[in-house]
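I am attaching a structure below and will ask some questions about it afterwards.
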Amino acid sequence: MRRTAPQNPTDYLPITFPTLMLGVFFVIPFGLMVMVSFFKRVQGGFYEPSFTLANYARFLSPFFAEMLVFSLGLAALVSICCLCLGVPFTYRLTRLSRRAQVLWLIGLLGVLSLSEVIIGFAWSTLLSRTAGLSNLFVWLGLMDKPVAWTPSFAAVLTGLVYQAFPYTVLVLYPAFSRLDPSLMEAARTLGASPVRGFLNVVLPAMRKTLLATFIIVFIFALGAYLLPQILGRPQHWTLSVLVTDQAIYQSNMPFAAAMAVFLVFASLVLVAISGQINRRGGGS
Amino acid sequence: MAGLALTDVSKRFGSVSAVDGVSLTVPEGTFVCLLGPSGCGKTTLMRMIAGLEDPTSGEIALNGERLNDIPAHKRDLGMVFQSLALFPHLSVGENIAYPLAIRGRSKVDIGARVNELLDMVQLPGVADRSITQLSGGQRQRVAIARALAVSPRLFLLDEPLSALDAKLREAMQVELRQLQQRLGITTIVVTHDQREAMSMSDEIVVMSAGRIQQMAPPIDMYRKPANPFVADFLGQANLLMLRGVHGGAECSAGLISDLDLPAGETRQISVRPEDVAVAPGDAGPIKAKVSFVREMGATIEIHLTAGSERIIAATSPKAHPDCRIGDEVSVTIPAEACVVFDKQEA
Amino acid sequence: MTKDNRSTFSRRSFLAASTAGVSMLAMPSVLRAQDRSIKVGVYGGYFKDSFDKHIFPKFTEETGIAVESVAEPTGEAWLVQLEQAARAGAAPADLSMMSQVAMLKGQSTELWAPIDMSKITNAGDVLPQFLNKYPDGRVAGVGAVAWYINLVSNTEAYPEAPESWALMWDPANEGKLGLLALVSNSFLLEVTAKTFFGGTGILDTEEGILKVMDKLAELKPNVQLWYRDEAQFEQALKSGEIPMGQYYHDVTGLAAADGFPVRSTFPKEGGILDSGCWALSRASDKVDEAHVFIDFMTRPEMQSLMSLKVGTAPTLKRDVLALTDEEFASVSSSIDPIVPRYDLYTSKADWLNQKWTELIVG
């Protein structure tokens, strides 16, 4: 493979197309969004170009601060749950036969193909009083009468974890497949029980992958706006739900853009912080 | 009894028999090499000793204690893996300290022991380095130090030197042997390199197709291979088909006199190249033609065609008979240098 | 982006959600090649399907004017498109069915071309609340269809039909209600004002609105679901998971006709009467055709036909319609309706939205 830096304009040709696409479909829209976030909202109309910080000022209130904290907290919790389930799952998965692994991965891809709407409705039915799982528990004699588990925080969390779980596994899978199985075996011959070896050899050896997965799932969960509406009460709505409200129902694009910019900014800061932590941890 | 004892140990993976009825005794303090081609079951056998695989049948015992039902992490063995399996997130010192920390030793004890072990493998003062800062040979030593940290009852090494270059490997073979002799620890090494096995071990166990072919001290095995497979796998061997005649045994190109074979019976024999004598002219008992000459510095190999047989002779350069490709020569094989195999082995 | 579209579709779209994809938007379906034609925007999904099937063919047959029907999203997206197109002198649709809030916003920028009521035969029969006028008296829009949002209940959970919106505040109904999540589509401020404060006049001042909101806050423990997606509540209502709430009278009627244990009741304080207007973009050059269309649509027999086929409430006086009492009752009621204060949602939009969100989220 060639490793020299591009010498003349034609050397840049292969990356022209991706760059163009990135520019057209990501950089320009994002730039427009930042621009609109400084525009003036015209109540009863739309917006007009100007430069105002009013949209950001409106955001800086205890109400939205609480909302932001809740959204970040929820996303972090989803990430943690996904890792707690996904890591042991993926570790076991990579130790199955090739055929079993393929079948599991196809199943997970199947879940990925479900839209957020379908996932939301499926869980709201599963957790409902009239048709949900609690009826099964009543039938098994574990509960006295069926109850509604949705809407609730637990339902939102369950739905989001369910939706993000395939992503978690697919991100973890390549790294766990490459993991030298003799690391775990070495830990065992050195006196570590399987659980202990997993916790203090496999996990630390994978910490960069774990952090990367955490960030991906975190950002994924931060963008969720349908599941919190379908499975949660208003107090479980995330900032993304409000962004949607403002953009679609209130046609307040400047404020929606300001909130979205804030959300992007907050996640970037978190990613930067975790990157720093990782670098410090890996350096010694 | 002291030492490791395997009794009729088998391991099947589905319909494949990886290890097939192996019985083996390794007395305490001996250095044993499990030698064989890839897929012969030697690594599976070692993994069963370590507890990383469960035998399908048979018993494994160490110093009289049955190991079968003891999980790997409670067997108190030290093992060096082919990939070394050093923990990438820990420093050199932390790697070596790992088994000690698990056993709850105090920080002071651990520190002292780590330094002692690093001195032992001749790597003083690298405890704080990261694994990635070490060379291949240094990592090898760290893996050995870590495996020996808790003074295990048994020291297992799975192809430990295969990743090193030839020169370093030779040096490590010597060092490993010296270390083992100093510690007096029962050691088992899995290898496919017969030179490695020859140079290090007290006893060699040659395996093929899941079974033990022969177990013997290296030189005995070299001199007296139990079957053609062992003869061929351990060093070079000329395998000839001979027929018993009056006064000796004959092959298609001549006679080996005084070799006692029942008259009229055909047997396979093995003779080492260095025992084959080559002389110019056609005065000897076996007539042959030189097909190739290979000068290797310390020795010269002469490849010969004798009737339908192909024979390799090895001599020192000093005794080198002046022969070229195409020369007619006579070959002498002394009867006492021949190993005659049983009929069924032929 | 497909998910977004689902949300923006809201009103009526869900009935045909499976068929109404993104591709349907702004994709005109030409009925017959004619010399004269008009592009008409109607809500995508159920409305557009019904109009394409029952209404437009009749119009073309009678007037010789071809109709290109355009599926429009509800809410403000269509308004924004019309507004921006008009600035460029184009009209993605000549006539559009517009919600009341969108009408008012369009009026503020003179987006709507005035309608000459003298060309409309039945102008005098259109109920006054369905005529949108500019401050100077010009007509900006003529009522197209109306619909009720009523108090609905599951007949198994509530054998007796509820009679009053006040029942929603009954502590016995804790965790039983499903209500619309947005201030501008639930009209719960008007409901609360009419039920507890003698009318929507109290909403004239911010002070009054806050008072109404305080009363509304008492309702929160009873609300199990604040919904944006209509299908979610409809499903829960049918199964009895959420046995009471506010919902569309016509759709509930359809569900009941299909055998589901649901009913829609006109409470004694009145149902919420929401409506859509025909409005003509100022960029359109089909002014004549538009008047012919509006004239056609305001005929009593067409209003009756829509009530029967589409399930909407008529925008004409009761006495000019040929509907039987039973037919009329199925789409409307003689009880004085709660008419939404659309003006609030333009003049105080952001303030109301902020207070409302704090009210239900807090």
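The chains carry the letters A, B and C, assigned in the order they are written, with residues numbered from 1 in each.
FYI, contacts are C-beta pairs under 8 Å (C-beta built on N, C-alpha and C of every residue); 3 or more make two chains touch, one makes a residue touch a chain.
No experiment lies behind these values; they were computed from the predicted model shown.
> Which chain pair has the highest count of C-beta pairs that touch?
Top-ranked chain pair by contact count is A-C.
> Based on Cα centres, what is the most central chain?
Of all chains shown, the one whose C-alpha centroid lies nearest the global centroid is A.
> Would you kindly tell me how far, in whole Å, the mean C-alpha position of chain C lies from that of chain B?
Centres of chain B and chain C (C-alpha means) sit 88 Å apart.
> If you average the CA atoms of chain A and of chain C, how far apart do the two points sit, in angstrom?
About 37 Å, centre to centre.
> Centroid of chain A to centroid of chain B, CA atoms only: how many Å?
54
> Mind listing the chain A positions that touch chain C in their complex?
41, 43-46, 63, 67, 115-117, 121, 124, 128-131, 148, 151, 226, 229-230, 233-235, 237, 242, 244-246, 248-252, 255
> Taking the complex as given, what residues does chain B use to touch chain A?
50-52, 71-79, 81-83, 85, 87-91, 98-99, 102-103, 146-147, 149-150, 156
> Can you check the complex and tell me which residues of chain A touch chain B?
Residues in contact with chain B: 180, 182-183, 185-194, 196-197, 201, 204-205, 207, 284.
> Which residues of chain C touch chain A in the complex?
Contact set of chain C toward chain A: 2-4, 6-8, 75-77, 79-80, 83, 104-105, 108-109, 175, 181-182, 184-185, 224-229, 232, 235-236, 239-241, 346-347, 349-350, 353, 357-358, 360-362.
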